[in-house]
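One chain, chain A, appears in both complexes that follow, with chain B as partner in the first and chain C in the second.
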Partner chain A sequence: MASQNPSQSPSQSQSPVDTGSQRLDKDTRETLVSVARHGLLLGWSFVVLFPLYWLASMSLKPPGQANALPPDWLFLPTVYNYIRLAQDGAFLAAFANSVVMVSASVVLVLLIGVPAAYVLSRYDIPMERDVLVWILSSRMLPPIAVVIPFFVIFRELNLFDSRIGMVFMYVSINLSLVVWVMKAFFDGIPETLEEAARVDGATRFQGFRKVVLPAAKPGIFSVAIISFIFAWIELLFGLVLTNFKAVPVTLFVYSFIGSRSIEWGMLAAASMAMILPVVIFLIAVNKYLAAGLSFGVVIKE
Partner chain B sequence: MSTQTQTETTTTSETGVARLRELWNDYLPYWFIAPMVLVMLLITFFPGAYDLYLSVIEEPTFDVFAAEFVGLQNYATAFGRGGALHSFIITVTVVVSALALESVLGFGLAALVAGVESERLQSFYRVLFIIPMAVAPVSLATIGRIMLNSEIGVIPYLIEATTPFAAPAFLSEIPLLTVVLLDTWNWTPFMFIIFYAGLSSVPDTLIEASRVDGAPLWRRYLHVVIPYMKPVVFVATLIRLIDLFRTFGVVYGLTQGGPGTATQLVSINIYEQMFINNSPGVAAAIAVVYLVFVVAIANIVIAKVGFEGVWD
Partner chain C sequence: MASITLDDVTKEFGEGGDAVVAVDDVSLDIEDGEFVVFVGPSGSGKSTLMRMVAGLETQTDGDVSIGDTVVNQLGPRARDIAMVFQNYALYPNMTVEENMSFGLKMSTDLSADEIERTVTETAEMMGIESLLDNTPGELSGGQQQRVALGRAIVRDPNVFLMDEPLSNLDAKLRTTMRTEINRLQSDLGVTTLYVTHDQTEAMTMGDRLVVLNYGELQQVGTPLECFYRPANRFVAGFIGSPSMNFFEGEVTDGTLVADGFEYDLSERMQANVGDRTAVTLGARPEDYTLSDEPTDNGFEVVVDVVEPMGSVSYVYVRSVAASHDETFVVEVDGQQPISEGERLHAHVAATDVHLFDTQSGETIHQRELTDDAENALSKPLENASAGAD
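On to the complex of A and B.
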């Protein structure tokens, strides 16, 4: 915002007489504003990129050099850490666990949430607003307060340290998001589309599956990826509800911190392996990100 | 609802499959919404109720009649020895300062990017600025531990090498500020991307009109732009507020609530009561208070501002 300050004084001292000097004024002013704007934006770009650059460079440095100070700005990159990581059975298991559990939870949350959102969008639900706030309230419950009862129950039901239990927990954090976002997307699809299909003899279900769902594809795609990310970065459930079999990759990274002699290079490589897929996902959905993250509110604009 | 009046009775085939298909289609909205309602009931009512139950008994047991009722004793322990009040204060401090920082920064960045003339540069910044969200809080904690470490960290090193100031010990002297700054780095993109989308929905004519008035820039934003995108600001703030109360990974990975109890958020306090002190009753007692606290705050915000303009 500070970049805009220079714009204040000239705009107030507008005089209708000397239009020539004012034009010049305006041009220099615009240049100044633009320089300041890009200065600030580049500054923030640096803030964003430096930690990531540092992590990446650490993961590519040979062991022993990872934390050398003053930093070796120039170094011969090596994939040594990544090769060691790829040979680490515990890491591979945790990574595979996360991929499987999180993907399964995304499929499940879409199966449960998307049809429900369709009903909320198309039918007259009594007290619809209260229902929607109730659904949102599942997001208000702090996970730590939710996980304690499930910790006790899962032990009784033999779901402790099971992938099924983790999938259920992941579904629980994303269901409200899916319902809200998809309701907003369905609201934006004209009902005449389905009505036309009905006239052609399609059942309601066919109308939903063959007409509405394809039209809502961008919404489904973006909400699936955002749900994936929210489950992927979750640490607490893994920490509380798993200890060996169903350990997610977040817990693996965490357990690195606890160990006595930290292998910085490998820790950095493991973090990079966690971050990179998500970066790609984020870039893939960046156009619909705002719609998804705002629970579908922005797309109405 | 309207489906039941559907005139499909002409096809009264007697086969079971057709009958099932008919049931499926006639009651479609119910089949569609039932699984969601069931899961929602399970995740909204069960945990709170079970926390409440755990918080008033001696030992966790499934046999409700065998449970030894201890009244509010666990609550007394929680707020006495348990340091629950302290952790609530810590949590509120972190939530309020991170929310304020992220909102202001997110809005400022969104306004700056929205003003960039070249469209290509605009989308470059937009994509670049969302990247921190890809970093899981626990990874961010490891990055923080490495880069901020007083002995081997690059940031203290750079501060001392390039400025005349001595670098603070981020993790032991100013742990709370460090937590807030890390969360700001992580989640400002969330505010940025929503505000950016909101800003691009503000019609140019509206901004032009206010510019003609000669109002200074900050007043144009405060009185014209922000009121116009109020629903967007409201939802972004509400969701970030809710999510900030869920914070766990970044702090647990960074400081585990320490040094001492300096960064002991409520969620960390509950975790420690449950799994380190092995007192589920006390943990559940704090959890009940926390649940009520967060749901109340969120609902007060919703009641005060409301979803007007969000749902029309």
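On to the complex of A and C.
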């Protein structure tokens, strides 16, 4: 039809057929939009995934070649760095340290934070708003501002360079997050659910445990994984508050950056090893995350 | 089965000067097997009253008894009640079967086999046996409503409490479920409290209505009693749809003078009015007639709006003599031709008039009824009385 150049024929543009063809027809437009959308997403995936690829490839290169510029795009991968890492007792100790300390802190922060959030959500707490802001205030100062007080307190309480101390520190980092997110989550769960359970013969606690907690699972797994990541990647406090015994894996990775040279291959391999537990955890609780990260809005009245 | 007694029950929310009285000194006897509907506008305290029977709220003052037991100190779990919530409150992470067996697991010593059998039986009765393995999220609103009812029935409780259970359903489903709940209640004969703000539910479901406003008991009676023998102006206006029309006026020499018309009171009315002067006349829209010819005690009106409903039309008219332009409603036969702007004569028979004390709102004169209608007033609905035996 008259799709070649409609602007040249003003008389024709009066007819309905012609005005329709001035725009691209519907199918073509949808295809274009879809191509553009996929192109954009592909581009973004590249931006996100490229550093990861860089890290992985670096960890698989022999020493000396890791930092070559321009990089060797094609190279014979070697697990040399990983073997060295696996044989390094200090690394294994730090890794185990981190796994134990961070896991313990996540369990503990959930045990404290979830019930606290439930109480703040359901009961009439005097000055509830102030309590909430007070809990959040623990995260208002930049960590660097509180690290010295932490150091002094830890030394006084004999917590310096102890795993228990590090667990407390991780809990203090994540508690406000857990309380705030879970309170919002509990607010989204209708109170009639517990009332129904209580009328059905459950005690208040049974109602919480058997009805509310399962309904809050997505939220709990979300805050668990976020807490895990925040504690897992913590560096500053580990640097100041530990010495030999309770060194977290982040600090060990950091130690590859020496004063004279940087062991790029080892650094990359250790970083890859660090990513692993987070990925495993993510895959394990993946099905709850979609609902959890929208913070409760999925559960409808 | 159990009766329920409320004795001077008061509930205040908040403390000291900020206290809001939600339920004000309510006393009520509900018989074993009775279906009682709590009705009132929002904030009338009807839900709060029910939640106190459930034990979900604790009364500030007064006693609640279920059967012969004063349950003031007992939690909901010890009261042997089952409740249906407006939003159904189905446990989202459990299947329908788990939802229905939860109460039995929590409150009885039944074995797993017995629980399963009871649940299956009830599910069959409710027609939801094919849904037992689904989770609530997979069900439609109507199905969720059935499951919520089934979850209450399976417990075989002393008392059913239903808090606006039908208000989330569409109109057609609501009608079906209304009859179904009526039938279930009369089959099972369990004492039932039902909270609603819906006219139709209030009129058709209960043996008795409890009309509440601002937390105060307005009237307790059969639906027809509340309709024909309202205790006060509030009940008269609240029960019946469209609402009763009210005209405030002064009584002088046996004539009520209102803004827009005068009404000669009958001898019986005059006797009831006594020496009061500030009197409100009330008459239901269906008791008015609109005609072309002037009538005794009638007055001229002009038609403002006509709402044809099919079998009837609601005609909004305004008295020609009135100093304001407020309209009142007249219900006429749907086939009576009436057009907007038309001038007609409105008339209400002396037998159909209610009179209220304008200050206190108390009824001072009731409309007249035929003997049969009079006798029917105090009878509970037939289907419900069968279940109460």
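Keep in mind that, in the parts below, the second predicted complex is superposed on the first by the 232 of 301 C-alpha atoms of A that agree within 3 Å, B and C clash if a C-alpha of one lies under 4 Å from a C-alpha of the other, contacts with A are read in each partner's own complex, and residues count from 1 in each chain.
One rule holds in what follows: a contact is a pair of C-beta atoms (placed from the backbone, for glycine too) under 8 Å apart; a residue touches a chain by one contact, two chains touch by 3 or more.
Just so we're clear, the structure is a prediction, and the values are computed from it rather than from any experiment.
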First, second, both or neither for A:K217, with chain B first and chain C second: second
Touching partner for A:A145 - first (chain B), second (chain C), both, neither: first
Touching partner for A:G201 - first (chain B), second (chain C), both, neither: second
Chain B versus chain C as contact partner of A:P62, first or second or both or neither: neither
First, second, both or neither for A:T250, with chain B first and chain C second: first
Partner contacting more residues of chain A (chain B vs chain C): B
Chain B versus chain C as contact partner of A:W264, first or second or both or neither: first
First (chain B), second (chain C), both or neither touched by A:E156: first
Touched partner set for A:P190, first chain B, second chain C, both or neither: second
Those residues of chain A which chain B touches in one complex and chain C touches in the other: 203, 301
Contact set on chain C toward chain A in their complex: 54-56, 75-77, 81-83, 85-87, 89-94, 102-103, 106-108, 151, 155, 161
Interfacial residue positions of chain A with respect to chain C in the complex: 190, 192-193, 195-203, 206, 210-211, 214-215, 217, 299, 301
Chain A-touching residues of chain B, taken from the complex the two chains share: 1-3, 24-25, 28-29, 31-33, 35-37, 39-40, 43-44, 46-48, 50-51, 54, 60, 62, 108-109, 111-113, 115-117, 125-139, 141-143, 145-147, 152, 154, 157, 161, 185, 190, 193-194, 196-198, 201, 214, 216-218, 229, 231-232, 235-236, 239, 242-243, 245-246, 248-249, 252-253, 266-267, 270-271, 274-275, 280, 283-284, 287-288, 290-291, 294-295, 298-299, 302, 307, 310-311
Parts of chain A lying in touch with chain B, wherever the complex brings them together: 1, 3-4, 7-8, 11-12, 14, 34, 37-38, 40-41, 44-45, 47-49, 51-52, 54-55, 58, 67, 69-71, 111-113, 115-116, 118-120, 122-124, 129, 132-135, 137-146, 148-153, 156, 171-172, 175, 179, 203-205, 208, 229, 232-236, 239-240, 250, 253-254, 256-257, 264, 267-268, 271, 274-275, 278-279, 281-283, 286, 289-291, 293-295, 297-298, 300-301
